[in-house]
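Okay, structure first, notes after.
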Amino acid sequence: MAIKTREEYIESLRKLKPVVYMFGERVTNVVDNPRLRAGIEATAATYEAAHREGARDSMVTMSPLIGEPVNRYTLPPASIDDLVARVKNNRMLGKRVGTCFQRCTGLDCLSALSIVTYDVDQKYGTNYNSRFLEFLKYVQKNDLTCNAGVTDVKGDRSLNPSEQEDKDMYLRVVEKRADGIVVRGAKAHQTGSLNAHEIIVLPTRAMRKEDKDYAVAFAMPTDTPGIVHVVGRSTLDMRELQGCDIGNTLYSKNCPTVIFNDVFVPWDRVFLCGETEFAGDLVVRFSAFHRQSHGGCKSGKIDCMCGAALTMMDYNGTGKISHLRQKIIDMIYRAETLYGCSIAASYEGKKQPSGTYYIDAVLANASKIHEGREMAEVARMLVDIAGGFVCDLPSDKDLDNPEIGPLIKKYLKGATGVPVEERIKMLRLVEKLALESADSVSDIHGGGSPEAHRISIMRDSDLESKKNAAKRLAGIKK
Amino acid sequence: MAIKTREEYIESLRKLKPVVYMFGERVTNVVDNPRLRAGIEATAATYEAAHREGARDSMVTMSPLIGEPVNRYTLPPASIDDLVARVKNNRMLGKRVGTCFQRCTGLDCLSALSIVTYDVDQKYGTNYNSRFLEFLKYVQKNDLTCNAGVTDVKGDRSLNPSEQEDKDMYLRVVEKRADGIVVRGAKAHQTGSLNAHEIIVLPTRAMRKEDKDYAVAFAMPTDTPGIVHVVGRSTLDMRELQGCDIGNTLYSKNCPTVIFNDVFVPWDRVFLCGETEFAGDLVVRFSAFHRQSHGGCKSGKIDCMCGAALTMMDYNGTGKISHLRQKIIDMIYRAETLYGCSIAASYEGKKQPSGTYYIDAVLANASKIHEGREMAEVARMLVDIAGGFVCDLPSDKDLDNPEIGPLIKKYLKGATGVPVEERIKMLRLVEKLALESADSVSDIHGGGSPEAHRISIMRDSDLESKKNAAKRLAGIKK
Amino acid sequence: MAIKTREEYIESLRKLKPVVYMFGERVTNVVDNPRLRAGIEATAATYEAAHREGARDSMVTMSPLIGEPVNRYTLPPASIDDLVARVKNNRMLGKRVGTCFQRCTGLDCLSALSIVTYDVDQKYGTNYNSRFLEFLKYVQKNDLTCNAGVTDVKGDRSLNPSEQEDKDMYLRVVEKRADGIVVRGAKAHQTGSLNAHEIIVLPTRAMRKEDKDYAVAFAMPTDTPGIVHVVGRSTLDMRELQGCDIGNTLYSKNCPTVIFNDVFVPWDRVFLCGETEFAGDLVVRFSAFHRQSHGGCKSGKIDCMCGAALTMMDYNGTGKISHLRQKIIDMIYRAETLYGCSIAASYEGKKQPSGTYYIDAVLANASKIHEGREMAEVARMLVDIAGGFVCDLPSDKDLDNPEIGPLIKKYLKGATGVPVEERIKMLRLVEKLALESADSVSDIHGGGSPEAHRISIMRDSDLESKKNAAKRLAGIKK
Amino acid sequence: MAIKTREEYIESLRKLKPVVYMFGERVTNVVDNPRLRAGIEATAATYEAAHREGARDSMVTMSPLIGEPVNRYTLPPASIDDLVARVKNNRMLGKRVGTCFQRCTGLDCLSALSIVTYDVDQKYGTNYNSRFLEFLKYVQKNDLTCNAGVTDVKGDRSLNPSEQEDKDMYLRVVEKRADGIVVRGAKAHQTGSLNAHEIIVLPTRAMRKEDKDYAVAFAMPTDTPGIVHVVGRSTLDMRELQGCDIGNTLYSKNCPTVIFNDVFVPWDRVFLCGETEFAGDLVVRFSAFHRQSHGGCKSGKIDCMCGAALTMMDYNGTGKISHLRQKIIDMIYRAETLYGCSIAASYEGKKQPSGTYYIDAVLANASKIHEGREMAEVARMLVDIAGGFVCDLPSDKDLDNPEIGPLIKKYLKGATGVPVEERIKMLRLVEKLALESADSVSDIHGGGSPEAHRISIMRDSDLESKKNAAKRLAGIKK
């Protein structure tokens, strides 16, 4: 069976030899680097779930394309049930890993391509869709993780791609050859690029005629020559490297900058090349799917944050304090709002010409608007409930120090019967959940920045129908 | 066919002879009273929709109980599709009438009773469910509108029903007879009691053993001897009576206080009588259904408010002002939030032992929490966009005055090409939508007060599972 | 002594014969019209306070201009103490009247003119300031109330005054004569124009060269030939006319549209005429003063709303409910925010060339931004606390009805020992405080619409200094 | 002259030999430890300002106690001007250091003690105030920095101090001797304890009779035998140790846990010992002063955050984007709200029996409520404006790498003409400002947790006067 186990997935990554830099140094063993491994484990949780009692049924389904069971993270939605399963699996996994599991972005690319390549072919008689389906079969048969290369570095945001001083500020085709194309550029915030087997590149915005070279989509292995991953800094990055004070003892996240240094892409891996008017369509579809995804995983993360808050209340002896219980409610209803709008977007999805299902974009964007505003509120309430030690808790290394270890254990005790070590662990998890940047900034910028969600909602709402309803009531003939 | 037209509905109300007081005087002709008629028209819109091209298909369905097509407002949900149709019809009608159409509360009572009467019978071997089904057949066959008599006047809120100085502050059984019971009490905020054929009374809260007399549910015609409807004051009530400056030229709302002055109820109309532990269940089910309902109608009302705002921007010449367009987005996404959570609650519904479907209560309450907080925000933005004339627009009577009419028409002009009369009408509609109290206070108190929704969410969430997720990540053994 | 009593003020209004229309009819006796009288009483409270023990000391001060004690509502601020007294008196009176007392707008005009007329004279050698000071002496000596005629009706908001199809959409000079000017136009939302002796007209916006005719400021008695006051509709306007269910038994508000139908203004009452670049300055100064004023009166209104909420809790038996007490805190801190920023704006004021003191505009606008967002929240919480009867309470006329009066009194009872009549009165006051439009819409649009406050803050903040602070910390040389 | 320079201050710290642990190891040279030095430099900025042109005049004043000029951070307020200067200096310094300068907490203790020791003496005939004044003279003459030891570790929050299983969970007197007392306990979140010469310990809450041993206040040098400082972890702590990617290149913050391991305190340093009813008064006074302080420094920090946001807009080429400019306004008005309420609290201060001035506590708490809610919003907007690189920007070490350095410099370029290094530096500063925990958690928990501020506002507001205002308007006789 093609569905990999956690172990098989991790082994498969060992075979890749990506070019990786972190903090000024080349990393040759990605899989065993403690900082990077924690992120890989988060993606591995999506493989583990496919074999775990209780999760397997919702994680594995039959692919109509290859006629075999596949992990749902390789399946563009072919039904309303598929759309709904996306959100439910994301919530389950978001709660389980307490951070980003970094496998949905690739699926969101696959889903967008499975709609748009078909539409391009319809208009231009190209064969992007068949190329794409071949690639998709390969992904499904090998149960691969894909990375979404969408966000260009953008240079001067007031200029279009072709107007930039340096033409490479958006990824572009620098050469077309008989056997393929050569691309150059850089994609920022590449969530889980080191957990992935393949990078799928899409345009980051709508393009005009003069930006033809930038209207390009393709997929390549993460260790293709010319591709360089640069792991940047996040707030708690050193903890994993130092092996202490990690908070989330199992999982983490990375989102490198990925540079495409004149990378060759053979034609069978090219899914768009110059059809400018479809560039915007690809990114709009991807973004809407990704906003739907967030409605699942982020509500799952809030579940986990609520659990941490409630446990801290138990540990602090504050479980019955009325204003803290109110804050728990404030956290829960925000989770349900993200989830509710996202799952509604799924149930209200529609079949597209290619056969793939697409969510209701207005509802998906409503979910994301709440995420962008309210996750920060949830984090704030979690910190409020947990207490000030979130920002200055002594290190676990202090606990091991013979002179001050006993003192710290004495003074960090909470409610009777709660082992002090557990209280410390939970405080550390709260710090990770509330204050780690790689995950929390994605609340704001993931799936496009807040303004993008707002514009989408305006564009996709039927304003005339609303006006007509008002005019009828006011007694205005129309 | 049993499905009444708008005209048949209105004629059927003429046959009722309820005892009604308004502003100190007895009202004998309810149907032709201009203030009351506008509310009746709003309910009539639910009848009209059952015959209107484009609405009929979603408004009419086959009743499994009577094997005939019925208006959905008489149908307890027997499937997920039924649950979803509730929200969609409510949104369509909320947008169409721009206020409350006052027919969902009765359906929400029917839905709650169709679940709970079955459960009571299972426990006690009573026959409430069969009585209820007979009543329901009668409602469906005659396409009746029911009113929900839930909210007791409550007296001193710090005391239980049986602890009150005056024992009638919650409606109660004052006499049990061979042929029925006699009840006494008063129900406040009876939305559309004068548009209804029947009043369905449910308890307003959970009851304890000692409150046995208060655990009572039944249904009676609105003109039963002993029932008195007192129409109270809302902010714009005089406009309809005076026939000018009405704003919403078609529809309105009323919510009388209904007094039960020793009303006799025959046993076949009694659906609960003394089984105290089911009192809370009835009100919880009713409330959850009603919060789901609001997610539909109130998002529809926001559609209408957006339409009014957008039209005012056209009329004022401010259609391209960026901050106003942002406010439109802020209005829209709130509508979609109410709607998304409510429709998600529907899709995630579950079949109950009686066969009736029940929504996901956490999601329904999440929708209502947003309503309680955000409808006021939406109204505020509407006023911001429309301008200050919302609070001091000259009367239509001034327009007709030969001396100042021409001056007012001159000075109230907006953008070129917009007839001044239309601008005035739309401003008046904005006033109605934003500042009429009978409808807008239901944003806050309808379906239970805000705190009730919050408590529901806490009660129905799985807190232990959330704690366990956090503990696992923190490395705490469980 | 020049300082009028409440009675003298009311008598002085009797001598005026303004042309007034309300609801299509001419009103000849303004003072005794019950709807208009309640507004007059609110302004009268500023006169009464000048003679009331406990208020007199803060309300009366010595005028440096006329060397006599005056009511502070005729005094442009000549010191920091004067600025602070404005806010404190406004809070005291806002709390006392529970609505707008309608005398601050005139003072805010006087204050703006006392700065800007001086500046115009400095530049152009005109004598506006001496004309203005003569007018101010007259106001102070006779303890007059002035009305602020600022907001033009504006027509198409996308066009400048001189670009409008109808040139009269902004008030303008239509004729210049040897003895004065003739003006035409209309001013909307003229808070208290019928409580005032004089109308002071200022431009409503900055003007360009081509809008020269619109750069005009002057003062004229409210009953000058050609001036027409049209009293528009507010949500509860009929209650006062009908003499029942009034809520605030003492005070109310009116804000007519005032039409200037070719009104002659003698030169000694003209304070700006064609100096376009000062038009913006006048409205900016007026608005900033007026936003400071609101920080006082609206926090006083919240005091009153808190009082109503707390009393309702007493009457309902909910005084110890934790979530309601939290809402009281949410109401109080908003009052203190409005007040704090406004009083800070006063203490941080600066002397202007004319000798008049001007507030810190950024702080005054911060106060107003909170008002625009938070007063609606306060009203929402008040309704939440008070309960649903706010929107459908039976009329006092029902109480007097022999058949249902006793029933209503029985069922509207609250906590033991609270007379039912008092509970009813307080519910009615809550309705007035939360849902009356003439006053509550001024939370949003008074002193300019919300966007105006935001732009003011941006304009008056030192952005470069903030950038430099950040650059220094980032290690960027500048 | 007693006023130390930055250099003298740093040298004076070298003479102290506190017992310090960090990450499991003893730190013997605090002053030269790069992580700790950055915090010391922030406090040093308060010394530097006393000698810097432009700041000196507001930073230095004459002490009435010692008759010499002193740094204001050693001066309990003896006038309204002193109260106001506190806030203005804090804002200036908060903007200058972009984090906490860690010297106000000690002053807030001095201010509280200067009021309460006098009151205790009045009641009990003790001589705490003269002891305190001797200590204060010493502080002023030597221009010392004091640390506020207020927050006990608290153990089980549902139990009072004397009810705890381990009696040391609140700091207490374990022995009274002829020459002094011996204390034991631990104080958490000791902002700047390693930048301070003296620790001033106050009780953390009101005490009951049975908690007599916990009602203790005193001051001792930070290197007193038995005192152990444990520096905990904050999100970006390793950056300073590693010497790269620091963001704020000049300043930082530390807040150790300070353990009192049977510390001897001579009587002349004891300022409260067993007078339980004054314990609450001390912490209430301290907290109110500290909330006022935050209104200054945090608005200054927002100034700096606005500067960073505006600079990022310049660097990204997004300076004219309307929705980003709106977010700048949203940031600015929040700064002004904190500042306005805090400065209003100062101007409205009152003289206390000891001669020290005390702020208006309601206004100070209003400021802090906004801080607790709105600083997180400001940070969220800053991240929104700056872009996603805030969470994954490559390290400066990558820039120095010969292979990828040039690539990164190429792809991180922003608007034309902006050196890429400056864009990187500013992004790093944004990360520090928005996501560093030691400072940002103090927005929530500094000066007591959010609920504490709310309770204070309720307690200090005149609720009866508000009720009476409402009753008068409703026509209820009282």
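Read from first to last, the chains carry the letters A, B, C and D; within each, the first residue is number 1.
What we mean here is this: a contact is a pair of C-beta atoms (placed from the backbone, for glycine too) under 8 Å apart; a residue touches a chain by one contact, two chains touch by 3 or more.
These figures come from a predicted structure and were not determined experimentally.
> Weigh A-B against A-C on C-beta contact pairs and write down the one with more.
Ranking A-B and A-C by C-beta contacts puts A-B first.
> Hey, which chain ends up farthest from subunit C, C-alpha centres compared?
If we average the C-alpha coordinates per chain, A ends up farthest from subunit C.
> Taking the mean of the C-alpha atoms as each chain's centre, how many Å separate subunit B from subunit C?
So the centre of subunit B lies 37 Å away from the centre of subunit C.
> Where the CA atoms of subunit A average out and where those of subunit B average out, how many Å apart are those spots?
Spacing between the chain centres: roughly 40 Å.
> State, to the nearest whole Å, the distance from the C-alpha centre of subunit A to the C-alpha centre of subunit C.
Each chain reduced to its C-alpha mean, subunit A and subunit C end up 51 Å apart.
> Would you please write down the residue numbers of subunit D that are in contact with two or more other chains?
323, 326, 454
> Would you pull the subunit B residues touching subunit A in the complex into a rising list?
84, 95-98, 247-251, 303-308, 310-311, 314, 325-326, 328-329, 332-333, 336-337, 339-345, 347-348, 362-363, 365-367, 369-370, 422, 425-426, 428-429, 454-455, 457-458, 461, 463, 465-476
> In the complex, go through subunit A and note every residue touching subunit D.
So the residues of subunit A in touch with subunit D come to 21-25, 151, 153-159, 165-166, 168-169, 186, 188-189, 228, 230-236, 238-239, 242, 245, 254-257, 259, 261, 316-318, 320-321, 323, 372-373, 376-377, 379-380, 383-384, 387-398, 400-401, 403-404, 407-408, 410-416, 431, 435-438, 440-442, 444-445, 449-451, 454.
> For the complex, give me every residue of subunit B touching subunit D.
322-323, 326
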